[in-house]
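What follows is a set of structures to go through.
Next, two complexes with chain A in common: one pairs it with chain B, the other with chain C.
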Partner chain A sequence: MRFECSRTNLVEAINTVQKAVSSRSTIPILDGILLEVTDRIKLTGYDLETGIESKLDAEIYKAGSVVIKSRLLGDIVRRLPEEAVHFDKDENNIITIESGSSSFQLRGLPAEDYPKIPIVEDARQMIVPQKTLKEMIMQTSFAASIDESRPILNGINIISEQGTLSLVAIDGFRLAVRKEMIAGDLPDSQFIVPARTLNEVARVLEDEGDVNIFTSHNHILFDMGSVLVVSRLIQGEFMNYNSILPRNHETSMTISTRNLLSAFERASLVIRAEDRRFSVTLQTNSDDILSISAKTDIGTSHEELNIAMSGKLFDIDFNPKYFIEALKVIPDEEVLITFNGSLGPCVINPVEEDAFSYLVLPLRR
Partner chain B sequence: MRVILHSDLNAFYASVECLYKPELRNIPMAVCGDPATRHGIVLAKNELAKKSGVKTGEAIWQALAKCPLLEIVAPQGHLYLQYSQLVRSIYEEYTPYIEPFGIDECWLDLTGAERSGVEIAEEIRRRIKYEIGLTVSIGVSFNKVFAKLGSDLKKPDAVSEIREENFRTIVWPLPIRALLFVGRQTEKKLGAINVRTIGDLVRCGPDFLRLRLGKAGLMLWHYAMGLDRGEVASSGAYPQVKSIGNSMTAARDLYTESEVKQVLMRLTDEVASRLREQELCCTTVQISLRDSELFSWERQCKLERPTQCSAIILAEAMTLYKNDKRSNRPLRSLGVRTTDLCRVGNSQQISYLPELQEEERWLRLERTLDSLRCRFGNKAVLRACLMSD
Partner chain C sequence: MALIKKLDPVTINHIAAGEVVERPASVVKELIDNSLDAGATQILVSIRNGGISEIEVSDNGGGMTEEDARHCLLSHFTSKITTIDDLETITTMGFRGEALPSIASISRLRLRTREPGAELGYEIKSEGGKIIAANPCACPEGTVVTVNDLFYNTPARYKFLKKDSLEAGYIADIMGKLALTRPDVSFRLLNEAGKSILYTPGNNDLLSAIYAVFDRKTAEGMIPFENNQPPVLLSGYISTPENARGNRARQVFIVNGRNINSRILSVAIDESIRGWFVKSRFPALVMQINIPQELVDINVHPQKSELRFWQEKEVFSAVYHTIQNALASVSGIPSVLEPNKDQMQSVLPASVGSERKSSTSTDISTIVVDSVDEKEQQRHEKLPDKSFSSTKTQSILFNDEAKDKQISYSDMLPDPLDEYIAMPLTRPETQTDLPEQVSSGQISLEHLDITGIQNARIIGVYANTYILLEMEGELVIIDQHAAHERILFEELLSKEPNQERKMPSQLLLKPLKMKITQLELAAVTEYREQIVQLGFDFEDFGVDSIVIRAVPEVRSELNPELAFSAVIEACVNENIKFANE
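The block that comes next holds the complex of A and B.
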C-alpha cells in the first residue's frame, strides 16, 4: 500500500470518521481507523453501533489496506509540516508517514481483523435535500433522552407518511416534532435512529445537494456522496406523539423569540448549573405583560416582556433549560405559546408555520 | 484577629437527667442504652461516676465492675434535643455564626464584637447555668481548633482563653490527643515516631509530617501552629452534605426477608425524609449489614436517576439485600445510606412516562406524610406493617 494525498483532505476525513471510533472499546481494533486504498482512499470508523466511511482522492501507487490507531493517526497528520503527505506500508505492516523532512514509522494492525460495516440490504430509499435534513435534526435531536434506561427514547423517530417526513424526539418531559413535505417519491415507513448518530450525520450534511437514505429492518444508511454513515436502528415501539400533543389550550400568547430566549438566559444566571430542577416562573397579571422570574439561594431575577395573550391568566414553573434549548433552534421572529394551566403541557410553535412543534411539561410546586 | 468560642455542655445527657431527678446529683449515675434492645453502653455519666473511672462508650457491665453502686438511667432523646435547642437560642442572641458539632457542642464566631471574647463567654456560661441549669466549658481563641482545645482545658463550668501570644506555652506541652482530629490511630502512628505532645508535632516540620501521614499530617501541623483558617458556618446553613444514612441494631436477630424489610423500611423512610428536608436527591444506595457473629459488610448500587423517594430507595435496598449471599447467619444490625447527592429545587418535573408518573405520585404521598409528621409529631402517621412492633 502506497499513496500520496493532501493533508487538509486527510485531516477532514479523519475528523469525520473519528466520530464513530469509540474511545473505550473492549475490542482493541475498534480504537483504529481502517484505511483501504483502491482507486481512492476510504477511511472507516465503526463502534459496532454507528459506522462512518469517508472517501478522498489521492495519488495511488499501490493498493492495500491497514488499521491505524485513530488518536495517533489524527494527532500525527494534523501536525505534519507540509501539505503533501506520503503513506507507505511494508510487508511487515509497518507504516511510514512522511511529509516534508518529517517521518513517522508506526505499527499497523491487520485490516482483516476489522469488523465489517453492515450492508444495508433490501433497502427502501428516500432522497432528502441535505439542508432540510440538517435543519430537521438540529430542531429535534436535543430533545432526545440521554437516560440510558429507556433506549427507545435515546432515538429519534423518523416517520414518512404521504410525502411528509417527520422527526420526533421525546425525553419524558418534553417533545420536539419537525415536519417537512418532501418532493419526489417517499415510501411510507417509520423507524428509530439513535440521536447520537443523527448528530454525527448533521455535522457532515451540507447546504447543497441531496442525501440518500436507505433503510432495512435493522440498519439505516445515509449516503452523502463522499461520506457514508451506517447505523443500527433501535427496535421497539416509539411513543405516539399525537396522543401527547394537546388538542385544546387554556391560554395562548405570541412573543418575540429572541426576547424570550434572552430573558430565560438572564433568569438562569441566578440558578447554579449543578442545581437541577430549579425553576423559572412565567406569570401574567394582565393580557399584555409576561413576567419571568427566578428565585434561588444565589439571588432573584425578575423582568417583564410585552406579549399578546388571550385566555386565562397563568402562573407556571418551568425548567429553563427546556425553553432555552428549544428557542435556540427556532429561527422565526415570533413564537406562539399555548398553556394548559400550571400542571398541563405547554406548546411552542413558530407563528408563521406549523412545521415545528415543541411541548414541555411544567414543574409542580 | 478572629474571636471564636467553642462551647461544650458538660456531661450533657447526665446533666439533663439530674435536672429532672435532683436526687441523682449526689450518687454516681450514668445514662445508658437499653441492654434489652442491645444498646447497653454508657452514653454519659456524672462527675461522681467519672471519679470512679466510668468511661463513655463502655458496656454497662464494665462500668458496674468499676462502680457497683452506679445508678443507671435510660436516655430520653427528645429531651436532649429540646435542651440543645434552648442553649442554642442563648447563643443566637450573640451571633448568627453558630456551627453545631454534635448535639452538645457549638462553635461561635464573635469577631468584631465590642466586648472581649472572654467577657461574652463568661456571660454565656453564667446565663446557661442560671437560666437553664446546665454547665458549659467554653474555649476562647483565634481559630476553631484552639477554641475547641480550650474548652477541654478546664471542666466543668469554666472559660479558658488561648491567645496568639501564649498558645505556644499552653498548647504545645499538651498530649497530642488534645488536638482536634487526632484519634487513637493517629496517636499510635505519631507515638511510633516519638511524637507525644503537640510541641513534638510542631518540631517535626510540615514536610516530614506530610511524608508520614499524608495530607492529614500537613493539616495537623497547621492546626498546631495556630494556622487553622476554618470558618464557622453561619446559622441555618448546613455544611456540604456528602451522604445521608441511618442504621440500627434490631431488638432481636432478623431471620426472614419480611423482618429485614420492616427494618429497612423504617430506615429508608427516615433517610428519604431527611433528603427531602434538605432538598437533596441521591444517586447511590448503600446498605450495611452486620450478622450475629458481628461480621459486617456493605453493598451498594447506582440508581437510574436521582431520587428522594422512599419507595424507590427501599426497593433498591431490598434488591441489594436479596442479591447478597455473604452470610447465612441471622442479621443483627442494618443500615441504609444514600450518597452521590445532588441538590434539587422543591418542585417536581411532571412527566408523561408512566414509571415517572408513578414515582411522582409516591413522592407527593411522602411529602404529605412529612408535613403531617412535622405538624403532629413523628408517630402521627405510621406504616401499618410497622404497627405490630
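The block that comes next holds the complex of A and C.
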C-alpha cells in the first residue's frame, strides 16, 4: 500500500469517520480506522452499531489496506508540516507517514481482522435533499431520550407515507415531529434510527445535493456521495404520535419566537441548573399580554410580552428547558402556541406552516 | 416448689405459632403446603378482610380418616416423617408437625375432610387449639380448612397486622410464588367479593403459570435456561432486560420443589446479569433447582423459607454460569462480546508461530513513535490467551460496573466473590503478580481513613475517570463518577424540604400502564399521599395494574417505570422516609 494525498482532505475524512470509532471498546481493533486503498482511499470507522466510510482521491501507487489507531492517526496527520502526505505500508503492517522533512513509523493492525460493516441488502431506497434532511434532524433529534434503559425512545422514528417524510422524536415528556413533502418516488415505510447516528449524519450533510437512504430490515445506509453512514436500526414499535397530538385546544396565542426564547432564557437565570424544583410560569391576565415569571430561593424574575391570544386565560408551569430547546430550532419569526389548561398538552407550531410541531406537557403544581 | 416446669401443650403451640404464623399469608402457605402434600391438583383459597376474618383453603387431595383428622391438630403428629433419618430424604413440603396445631391454637378453626370413596366426611372444630366439636358431616372429597378470627387470642400479634388490603397482598404474593413452584397444580385465589385475584391453569406448563402470576409481556419475553450437570440441576426462565424491574420481587427460587429465599442465589443472579442488565434493574426469574437432598438443609427455619447448601460454591457457580450462558444465547444482547470471540480465534493461531515472534522482535527496532503503546500491543500479541480469554472479558465488565456499585447483596457475602465466580475456570494468571491483599479483594472500606483528605496532594486525573491523590505517603484513588454521585446525594439530603410546594411533577406524554402485584398495589395505596408529595401521580387501573401519569421533575431524565418500581420497593419494604414526616 502506497499513496500520496492532501493533508486537508485526509484530516476531513479522519474527522468524519472518527465519530464512529469507539473510544472505549473492549476490542482493541475497534479503536482503529480502516484504511483501504484501491483507485481511491477509503477510511472506515465502525463501533459495531454505527459505521462511517469516507472516500477521498489520492495519487495511488500501490493498493492495500491496514488498520491504524484512530486518535494517533488523527493527531499525527493534523500536525504534519506540509500539505502533501505520503503513506507507505510494508508486509509487516509497518506504516510510514511522511510529510516534508517529518517522518513517522507506526505499527498497524491487519485489515482482515477489522469487522465488516454490514451490507444493506434488499434495500428500499429514498432520495431526499441533503439540506431538508439536515433541517429535519436538527428539529427533532434534541427531543429523543438519552436514557439507555428505554432503547426505542433513543431513536427517531422515520416515517414515509404518501410522499411525505416525517421524523418523530419522543422522550416520554415531549414530542417533536417534522414533516416534509418529498418530490419523486418515496416508498411507504417506517423505521427507528438511533438519534446519535442521525446527529452524525446531520454533521456530514451539506446544503446542496441529495442523500440516498437505503433501508433493510436491520440496517439503514445514508449515502452522501463521498461519505457513507451505516447504522443498526432499533427494533420495536414506536409510539403513534398522531394519537398524542391533541385535536382541540382551549387557548391559542401568537408570539415572537425570539422574544419568547430570550424571555425563557432570562427567567431560567434564577433557577440553578441543578435544582429542578422550580419551574417557569406562563400566565395571562388579558388577551394581549403574556407574563413569564420564575420564583426560586435565589430570587424572582418577571417580564411581559405582547401576544395575540384567543380562548381561555391560563396559568401554567413548564420546565424551561423543554421550551428553550424547541424555540431554538424554529427559524420562523412567529410561533403559534396552543394550550389545554394547566394539565393538558401544549403545542408549538411555526405560524406560517405546520411542517413542525412540538408538544410538551406542563409541570403539575 | 420447683420453679422449672414443663409447659402445657396449649402454651407450647402458642409459642410455636409465633414462629410459624406471622400473618395470614403464613397460614395460607402452611395450608397450601398440606394440600400439596395430600396430592391435590386444584387448590382454592378464599379470604375475607385480608384473611384476618377468614381464610378458607379447599383442595381435592387425598383427605383424611377420622382418626387422622383428630390427630392432625395435635402437635408433632405428622404423616410425613417418622424418624430423624427421614429428614435427609424429605420430599414433602411439611414435616415438623407444627403447622396445623399452631394455626389452630390462635384461631377458630374448622376442618372438613373426606377420603376419596369414603361415604361420609368428618368435621372437627376447634377454638384456640381446643377441640370443641367432632362429628361426621357432608363434605366434598379432599380437605377444606377454614380459619376464622386469626390471632383473636393473641392481641400482641393482632396489633401488628397491617391493613386488610396489605395482608391480602401478602397472601396473593405467597400464592403466586407457590403457583410458580407447582405449575402442575391449579391455584385460585378469591377475594371477599368472589372476584378471582389469581388463577393458574395447572397444565404443568411453567410459562402458563408465569403468564398468570406475572404478566403476558414478561412471559413472552422469557429466556429458558437449563443445566443438566449434576449435582446442581437447574431449569427455568429468566426475563430479557426489557422486562426488568427495579426490584427483585419477581425472582422465585425453587429448591427441590420448595419455594425459598436464599442470599447466595440472589447474589449469583445479581452477578450473572452484570453487563446485560442496566444497573439496579433486576430480571423476573423462576428457577427450579434440583440438588441431592443430602446436600441441603431445609430445617433451618420453622417457615422453611430459608435453607442451607452444603456446597455453596458449586451452587453459586452452576447458577452463575447457567444464567450467563442463557443470556449470551439470546442474539442481539451481547453484541460486543460476539465479535471478540471471532477475533480471538483469528488472532490465536497467527501469533503462536515462531516466525511471527521473530518478525515482531525486528519490529521493535523500527518503531520510533509511541513505543509504550506498541509494547503494549506486542504483549497482547504474545499473550493472546490473557488478553482475549472470555474470563477476562467478563471481568472487565464487572470492574466497570463495580465502580458504580453501591450496596448490593454481594457486599454482605463473607468470601470474596471472585472465588465463587471463577470456580470452574482458572484464574487469570496476571492476578498472581498482584499483592495478596489486592488479588483477594479484601480491602474493606472500614480500613480506609480519609479524614486527612483535605490536605492530600492532587496528583492528577487518570483516564478522565479516577482522581489520584497523595495522602500521608499513600496513593488514594477516587472514582470521580461515584464521588460526584455522592456529592449530589448529600446535596439532596441536606436540602430543606420545601414546605410551600411539593416537588413539581412532570406529566407524561402518554400515561404508562404498569402491571403490579396485589401486595405492591396495597403498599403504594397505603403511601399514596407521600408518593404524590414526591411528585408522582398514579391511579389504579383494574385489579392488577396502575397508570403512572406524572413523575418528579428531577435533575436528569427519569425512567418512569424504573423510578416507580423503586418507590414500590420502598413501600413494600417499608423503608420509606419522607421529608415531611
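Keep in mind that, in the parts below, the second predicted complex is superposed on the first by the 364 of 365 C-alpha atoms of A that agree within 3 Å, B and C clash if a C-alpha of one lies under 4 Å from a C-alpha of the other, contacts with A are read in each partner's own complex, and residues count from 1 in each chain.
Definition applied: a contact is a pair of C-beta atoms (placed from the backbone, for glycine too) under 8 Å apart; a residue touches a chain by one contact, two chains touch by 3 or more.
The shown structure was predicted, so the numbers you read here are calculated from the model rather than taken from an experiment.
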Kindly say whether there is room for both chain B and chain C on chain A in the superposition, answering fit or clash.
clash
Under the stated touch criterion, which partner chain does A:Leu336 make contact with: chain B (first), chain C (second), both, or neither?
neither
Who does A:Ile182 touch here: chain B (first), chain C (second), both, or neither?
neither
Looking at A:Phe104 after the superposition, I want to know if it touches chain B, chain C, both of them or none. Which is it: first, second, both, neither?
second
Touched partner set for A:Gly172, first chain B, second chain C, both or neither
both
In the overlaid three-chain picture, which partner chain does A:Ile94 touch, first (chain B) or second (chain C), both, or neither?
second
Have a look and say if chain B or chain C is in touch with more residues of chain A.
C
Quick one: is A:Ile146 in contact with chain B, with chain C, with both, or with neither? Answer first, second, both or neither.
second
Considering only the listed stretches 4-12, 292-300, 400-408 or 418-426 of chain C, which one runs into chain B in the superposition?
400-408
Residues of chain A contacting chain B in one complex and chain C in the other
147, 149-150, 172-173, 239, 244, 274, 276-279, 317, 319, 343, 361-365
In the complex, chain B residues that touch chain A
281, 304-306, 342-353, 356, 360
Chain A residues within the chain B interface of the complex:
147, 149-150, 172-173, 239, 244, 272, 274-279, 296, 317, 319, 343, 361-365
Mind pulling up the chain C residues that touch chain A in the complex?
278, 281, 335-336, 339-340, 343, 346-347, 359, 362-363, 366-370, 373-374, 377, 380, 393, 396, 488, 491, 498, 501, 503-510, 537, 550, 553-555, 557-560, 562
Could you please specify the touching residues of chain A with respect to chain C in the complex?
25-29, 48-49, 69, 72, 76, 92, 94, 104-107, 112-113, 115, 145-150, 170-175, 239, 244, 274, 276-279, 317, 319, 343, 345, 359, 361-365
